[in-house]
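We just call them A, B and C in the order they show up, numbering each chain from 1.
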Amino acid sequence: MASEGADKKTRREFLNFFLGGGFTALLGAIFYPILRFVMPPAKSEAFGGSVAAAKMGELSPNSGKIFPLGDRPGLLVHTAEGEYKAFSAVCTHLSCTVQYRPDLGHIWCACHNGHYDLTGKNVAGPPPRPLIEYPVTLSGDNVIVSPSRGA
Amino acid sequence: MRFFSAVYGWVGERLNLTPLVDLIKKKSVPAHRHSLWYYTGGMTLFFFAVQVATGILLLLYYRPTAEAAYESVQFIMTEVKFGWLVRSLHSWSANLMIGALFVHMFSAFFMKAYRKPRELTWFSGAFILFLALAFGFSGYLLPWNKLAYFATKVGTDIAGEVPLLGHSVMVFLRGGEEVSGATLTRFFGFHVAILPATATFVLLLHLLLVQVQGMSVPPALEKNPNRKSIPFFPHFILRDLLGWLLALLLLVVLASIFPWELGEKADPLAPAPAGIRPEWYFLFMFQTLKLLPAEIWFVPGELVGALAFAVGGLLWVLIPLLDKNPTGRWGHWVSRLGWVVVAYMVAFTILGYLWPAGK
Amino acid sequence: MSRRVRIAGKVSQMALVLVGILVFRAEADDTCLECHLQLEDNLQAPALQIKTDVHYQRGISCAGCHGGDPAEVDPESSMSPSKGFVGTPKPQQIPSFCARCHSDVEYMKHYNPKLPTDQLAQYKTSVHGKRLTKGDTQVATCISCHGAHGILRASDTRSPVFKTNIPKTCSSCHADQKRMAPYKISTSQYNDYLQSVHGKLLLEKKELSAAACTDCHGNHGASPPGLSDVAGACGECHPSNRDLFEKSPHKEPFQKARLPQCVVCHGNHKVLPPSDEFLGVSEEAVCVRCHRPGSKGYEISASFKTLLDSLKAVTEEARQLVKKAEVAGVKVGLTKFDLKACEDAIVRSRSELHSFILTDFRTLVQDGMAKAKRVKQASLVSLEDLEIRRKGLIFSAALILLLCVTLWIKIRKLDSRKENP
């Protein structure tokens, strides 16, 4: 009789242990995702605000770089005089992606030979409107483009 | 274990916990063949708790403006760690909460739990139902996708058709004449501040009433002297816990097999896509309004429908006062009416889903 | 009525006017205006119009062109040939009439240094000018387009030669069937132009850079472009296509066959938005107008179309997948960005094909298709996330189920203990 009682007791202890362990695991499985969730991801500004278009020193003078501005392309230009300028890289003619031409010293669209000067103004070819220019700020190591405060 | 008893002792020296502990130790819950329905209230509460927790987490990243709402939900689903999970749980738990709420309400109805002295519990429950539907309607707009936008438009349009006050109510809800960013901000305010604050009070009242008055027993079993019961702690509590675990299981399975989609961003200038309909819990009403003739005795059909629902809803809330003789013939007829209501709601919900888009 | 009576009538009319002027002394310095304002119909009209005239506003009044003495009240002396009065110039005289000032470079510098002074020289090379010299008085002269007395600057939106008014001005003769019949020139150009891309851009969207009649035909030196000058004319706005055409295998054969370059496929006045169906060997295609089935040109035309179609098809598949992923709520940001490069490739191909060099085109298209395939791949990888999550959550569900079972056992045990303490 006593051994049966002892048996029952150990079984009960085992059950309680299993139960306790299971619940602890469940709590862990709940709190782990919560903890990961509340820590912000690396890419904290995904929309609207500002984008780090390039690092300082990444672009030599008289060169340009296409970078993602949300899901549209943007163009960052490091002029020969050392100034940074940023534009929407969507050509106002038929939406091709424009590029910076170091040999011309200004912006060009390969699709139908459209030309824009460094103020974004459409100066030759089919584009009917200028490119939108965005303010550029240098912050620490980064060249930041702010499309939400664009012209 | 020793740690817990030490803490309990420390608190016991400062607060008189004895009455509370005694209550819990002595409290018992009836056990009979219908007592399984007792757990439905707790499951609704569980889903609500999930909503509060996941809702607070979503609040850390969500932005309530037309320009950023969709993108912020997209951000949560694609960039935030486990964001997709929190979002999917929130959307699913909303539906399951309302589903459990309906089951709970109908089980209380058919068991006539609303009879004296529990009328207040029924009234507070009715208020909770209204709050839950308001939570659902306001929350649905927040992702600012196409379906949400048009469902809100249709829903508030219907509200606007009520005579006299309708237009003012519609403008109040929309924050203007049309559904816009103003509506979104307003619905966000309802959803995360006004409704939770109100729900906290009403829920606490509802739960307090249940704790103080104890569980109601179906009329037939009331007279039985050999009524069985089980101790609240630990037997009923553990069963409640099992109920919650099963609810969690259902939630997890649904969130993984049918993950909630992001949809397409709302475009107020685009025409409404075909087959717009509200969430399932409004569907039976929506389908009824669709089937009503354009005019009934010179009154617009939709208006007749809306008023009928209002009157019906009011009667439903006042059931404790209207069911004069719950144990007698009157009570029988009330129950039968209840079955008709259930059948109608189920039938028209199914019909709403089967109805071809664009009609 | 006898001649004497008529003259007497006119003189007394003049006398009355004279009295009127002397009495009212409205504009003592310009009697032409004062007098002509009191007259009727087409003698009065110039006086009414002159106020808005750019010449008048710069101080050149009636006498400035017609001669005469605006200080003299008496018509006999104010309109006297001795005072330089030349009266109404005849049509053949009009170009040189205007050119007296407008071709005088030094004179024009005083009024508008940047206004060109070659209009007469240009006009002499034009079809209008040549025909006028031969005695055709029906053709356009300066006043046909610019007006005579209410001449506005070309930059004035009300001017008949302001960009958006040019088609209407040209068509006032060129759409007149009766007028054009003797020359056997079609009169459908204006109607055609209204339906064209250029017409719609200029007249509906007010896009001033769109081509009007004068952009291709010239204004003062108006004539249809030479058969081998068409690409040059179109190329002023479409330089890429001009350059591509110039190096294409079409250039020489077109020249030999006296075909008008761009016009062959795109038309001249009724230039419609080109559709991808222009390309290829179907019924609507322009290639098969020349290239017979079985010929090398036919094969190449078909290849061009097939390549373009494949690029479009793959890009469309990529677009659908990206949309599917986005709607489902998985990562698409950079993929959408890459998808744009594919769409750019399609736009570029439609332009680049004008060189009709198959190898170049194939390279461009294949490059675009490779990009589209990468976009598809990336979208599929993103969508796979959904599967991974599904599997992960099923695992958690299994765990919860296990816990439920354990709890159930515990409950049963508790119950039985309660019943059998």
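As a working rule, a contact is a pair of C-beta atoms (placed from the backbone, for glycine too) under 8 Å apart; a residue touches a chain by one contact, two chains touch by 3 or more.
Just so it is clear, the model here is predicted, and its values are computed rather than measured.
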Closest chain to global C-alpha mean, per-chain Cα centroids: A
Between A-B and B-C, the pair joined by more C-beta contacts: B-C
Subunit A-subunit B separation of Cα centroids, rounded to whole Å: 39
Whole-Å separation of chain centres (CA-atom averages), subunit B against subunit C: 62
Contacts with 2+ other chains: residues of subunit B: 74, 79, 85
Interface hub residues of subunit A, defined as touching at least two other chains: 46
For subunit C, residues that touch 2 or more chains besides their own: 332-333, 396, 400, 403, 407, 410
Interface residues, subunit C side, partner subunit A - complex: 207, 209, 237-241, 243, 332-334, 336-337, 340-341, 343-344, 347-348, 351, 396, 399-400, 402-403, 406-407, 409-410, 413
Subunit A residues within the subunit B interface of the complex: 33-34, 36-41, 43, 46-48
Subunit C-facing residues of subunit B, complex: 73-74, 77-79, 84-85, 87, 230-231, 234-235, 238-239, 241-242, 245-246, 248-249, 252-253, 255-257, 259-264
Residues on subunit A engaged by subunit C in the complex (per definition of touch): 12, 15-16, 18-19, 22-23, 25-26, 29, 46, 68, 70-73, 94-97, 110-113, 125-126, 128
Complex interface listing, subunit B residues touching subunit A: 57, 60, 67-68, 71-72, 74-75, 79-83, 85-86
